[in-house]
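Worksheet: the structure to be examined is printed underneath.
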Amino acid sequence: MIKIGIIGFGYWGPNLVRNFSSQKEGNVIAIAETRKERHPSISVNYSNTIIYSNTSELINNVDIDAVVIATPVFSHYSLAKEALLAGKHVLLEKPMTSSVDESKELIDIAKSKNLVLMVDHTFLYTGAVQKMKKLIDQKQLGKLQYFDSTRINLGLFQPDVNVLWDLAPHDISILNYLVKNKPFSVNATGVSHTNNGIENVAYMTINYEDDFIAHFNCSWTSPVKVRSTLIGGDDKMLVYNDLEPSEKIRIYDTGYNHTSDEEKNRIMVDYRTGDVFIPKLSSQEALFGVAFDFIDSIINSKEPLANAELGLEVVKVLEASQKSIKNRGKEIII
Amino acid sequence: MIKIGIIGFGYWGPNLVRNFSSQKEGNVIAIAETRKERHPSISVNYSNTIIYSNTSELINNVDIDAVVIATPVFSHYSLAKEALLAGKHVLLEKPMTSSVDESKELIDIAKSKNLVLMVDHTFLYTGAVQKMKKLIDQKQLGKLQYFDSTRINLGLFQPDVNVLWDLAPHDISILNYLVKNKPFSVNATGVSHTNNGIENVAYMTINYEDDFIAHFNCSWTSPVKVRSTLIGGDDKMLVYNDLEPSEKIRIYDTGYNHTSDEEKNRIMVDYRTGDVFIPKLSSQEALFGVAFDFIDSIINSKEPLANAELGLEVVKVLEASQKSIKNRGKEIII
Amino acid sequence: MIKIGIIGFGYWGPNLVRNFSSQKEGNVIAIAETRKERHPSISVNYSNTIIYSNTSELINNVDIDAVVIATPVFSHYSLAKEALLAGKHVLLEKPMTSSVDESKELIDIAKSKNLVLMVDHTFLYTGAVQKMKKLIDQKQLGKLQYFDSTRINLGLFQPDVNVLWDLAPHDISILNYLVKNKPFSVNATGVSHTNNGIENVAYMTINYEDDFIAHFNCSWTSPVKVRSTLIGGDDKMLVYNDLEPSEKIRIYDTGYNHTSDEEKNRIMVDYRTGDVFIPKLSSQEALFGVAFDFIDSIINSKEPLANAELGLEVVKVLEASQKSIKNRGKEIII
Amino acid sequence: MIKIGIIGFGYWGPNLVRNFSSQKEGNVIAIAETRKERHPSISVNYSNTIIYSNTSELINNVDIDAVVIATPVFSHYSLAKEALLAGKHVLLEKPMTSSVDESKELIDIAKSKNLVLMVDHTFLYTGAVQKMKKLIDQKQLGKLQYFDSTRINLGLFQPDVNVLWDLAPHDISILNYLVKNKPFSVNATGVSHTNNGIENVAYMTINYEDDFIAHFNCSWTSPVKVRSTLIGGDDKMLVYNDLEPSEKIRIYDTGYNHTSDEEKNRIMVDYRTGDVFIPKLSSQEALFGVAFDFIDSIINSKEPLANAELGLEVVKVLEASQKSIKNRGKEIII
């Protein structure tokens, strides 16, 4: 039985407790929350759990095998480092850390101490992403050409990170999981409408060494909520709409062929449209899969699917996007 | 009665004839089409119209007051120049020309000869754009913050211009018409999947001197057709969905306020959602409005709404976008 | 403080406890559940509540002022009668009882003992129905012409009542609440696909003495979930789509005029279309409103909005619909 | 080459000429239109066609092999009878005639004279209906259980027939074509809001000898346009939405199983949901298929798909629906 401590008990906290406690091989035995005014409501609901106001006390509790860190991003690095050095396996909320250097250092420590270090990129464990992964690995889309994601909504301004750091980690992690190509460079643009310099509208292109391209449209100030991604291959294309209750993925047997018309020195393009297929998806709660994978990786000394390397790749893109925005859209090599 | 000659009789030709012929003060008396194999079908349908295979013959027909040029973009400049020098008023299909210099030269000639020079940015004459113009001029959205356009589809690859030159003129002309701010610079990215170097997927940001931002997502290789634009103001926001048969515009009484929380040194943002309003739009055919404005401008010596300056501004953005793509997304000052 | 006992603790139970316990003037002090195997899970979650396995013990607890009955329909009558005779105010789940006679008897008892008798027609307390009530009372739709409701889905076959008894009470209660006209007669048709004679697909028309008409389409075997109602007036029409997360009501400024063309001995009809308006709705949980109204009616000796007369009217329609189906669609006068 | 005369040149006329004239083996040589004021516009567009103002003259033109009758319903019978007696093959617009007796008489005459008699139930020739026919004939839906159609809109009140006679023929013909079962009886209800007794809102159930059921919801006074049909089988279900530009049919691999729980003397029902499939449909214009089938049936002495028997079955249902409405929803045996 893996004994787990959770650091930071905000919006996501009850979900973490519920999903870790429903694991066969896991149990949440302690929660650390520095905002003491929240302790009473925690203790009412989780009467068998130790509650700390000091995070180090939790980290140094020798009964605890693994620590889940669900605090604001800026604190991830120091808490994770402390936990790893104390010999605990660590699951970090996304994004992994505020910088590439921090992520790399955590990876090195985890490796040297043979500990599991994982990032909660929950979307990778959804039925929709798992289905897309399978389709792409089976080459059903053909050669991939583009990934075009829109994640916009009204509300939920973050006070310390911009809209890309807040919303894009979901889509970047999905992109990196689905596509084997490595991002080569990033261009990003955006503006802040709140005078604090934190962009609430931003756009990002990830460039690759070949003709694959990825694009991200993120906003906290859209009147409509959109969470959709188009993925194009040269055989088929798909639309992933996360707001659909069950029909999240539509696969279009649609494409085009190009031929050279040498006489006119031109490329001629014909396209075809075909059937559309909407697969049934697994409805298992994604966070249950995260919790299972974390515990399973600890028990069996294996790499989780949302491993630290994947988390690092996401931070690399985010860090580059920030540099690009501050350099007026300049290409930043990753 | 203004007598009109049309140069180039392709897909758009019958629409031009129909709309110009239904004007009270206008009439199409000649058509020039260099592809002689099309002449029989033209003469069957327009038996009272002179058909030329040589464009100069049409331009030099002294009965003709005004010329409509509906040929590929690369030929716009030379045909328009010839027509203006021959003393004809000119309506050019969009985009105006292939370069800023060409557009500027045509404007100078038209001015010096006191001729109407207009660009067929048809969308400006739709009920939807006219309604948005009114709303924005009445300050109903408040201070404008962003313009975010998506125009994607499967098919219709152009052999000589990229997807931005093909699809973005619609949205750039709408943007420039609705927003008084002048574009300051452009960043654009994109790829070609046809090995001819012509981008079929491209993204563009237009930056402004203040915190307004515009973004364009254009593709010829999307499995779904999307033609929508979000326009955000600090009082209200709207969504313009051109694929809706009648409910093209939705106005959201939605917004957010930000205040400084000095204690925590933070910006706090609250948002509100409210009613949604879908105005009834005029259903007059947009091209009828274009034809009317062209003839009316000739008769009354006035500037048309889709005047050459507006056409030039569109070309400036397109030229800058091309430079930016070729310079790996670098900001290009307009 | 009104002390409440709940009889029957199934799917709806936790919602009832939560909403009654959050009332300023109310508190749930006892739960009766005859299925003893459910007691442990109830006692874990509601540690300060008395749990009975015998419903009469709860009813006869002298501390209890009011009883909420959330058991299968067939038991409503006897439990409610027992509670009323014991001097308790009663809130019944919908539909009120299995027959008109039972409902009438309960109403008589409640009146003679001056007790509140209310039916949990929750939908009346939603922001959507409240908004429609206001619009209709303000005559914004003009003279009402029709009410056309579709409530279909896959699953949730009831073992003892047909699809009309299961799904139509929602819509009948909304209809009766919104429209002052009294139903005159009912025609209903339907079939059972499970060989138990319980219709899983059924259709019902309610006829009125004037030209108003209401229609209901109910199914447990539809591949798609639909919960929508069209309400037409001679000035405006509206669509109420309960599946929309926030835009549940769309008001169409749409209508038609008819004039007599005496020469041709004909009625001529012209129609107009106009703006569409989507009002923001209150997002207060409907069941909170039910609980508040029940307690408020007890304290202030007033009639609740979802009073027993309204509940009776629903049962009248349901009873008539069943007679009509069994008589092959024959009109049954209510 | 089959020479065709068209009687009645209204809204549908140009479509008939275009589709018959594009047949390899057919040609439109004459048009009869009693409204003489329409002749000039017809002669401009169809200069090689004889134009009659007297329908008998067209019918008696010996060059004509076949007559298409596109006049108001009340005149179908007499015109068709005259044409058949003159030895012409006949295509009637839908519905076939105003009464069952008239339709039967026409069928007898056509048989006795060995002439093709066909009804323009255009929908049978659409890609969507052809695809559904194939799916159902291949038993992909399993045993059929219900057919539930909604065809509502604003506008287009007919002055002489009610909304069922106007709109339901489409759906009844589709139903009869897809389902082998014969309708047994009809219940219908409806109201008129124009004081001329012609129902503008009406509902109809068709009952069968087994547990199959069909339902129709028709209105000329809906603020929204809906044209959709649900067809349920015990293996799969489908939704046919005719307003979708290309994705008209969605097949749901969805269903339910019922078992007897003898202990509780109950039927237990479990349901399953699965993939959704949207087949690509043929985009051939349906009326081209009608014209082809008519001419092909004449040349090859075969029965067309939309033959007179099918047309008669539609009229039987309509006539019964009218009786039922006038008898307050009473079941009318067909």
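Order as written gives the chain letters A, B, C and D; numbering starts at 1 within each chain.
By our rule, contacts are C-beta pairs under 8 Å (C-beta built on N, C-alpha and C of every residue); 3 or more make two chains touch, one makes a residue touch a chain.
Computed from a predicted structure; not experimentally measured.
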Steps needed, at minimum, to go from chain B to chain D via contacts: 2
Chain centre separation (chain A, chain D; CA means) in Å: 53
Inter-centroid spacing, chain C versus chain A (mean Cα positions, whole Å): 44
Between chain A and chain B, centroid-to-centroid distance (C-alpha), Å: 39
Chain A: positions in contact with at least two other chains: 273
Contact graph of the chains (line, ring, star, complete, other): ring
Pairs of chains in contact (touch as defined earlier), listed by label: A-B, A-D, B-C, C-D
Residue ranges of chain D in contact with chain A within the complex: 246-247, 253, 273-280
Touching residues on chain D, where the partner in the complex is chain C: 145-146, 148, 150, 152, 154-155, 157, 159, 185, 187, 189-196, 198, 201, 203, 205, 207, 211-213, 215, 217, 219-224, 230, 232, 234, 237-239, 250, 252, 254, 256, 258, 264, 266-269, 271, 273, 328-331
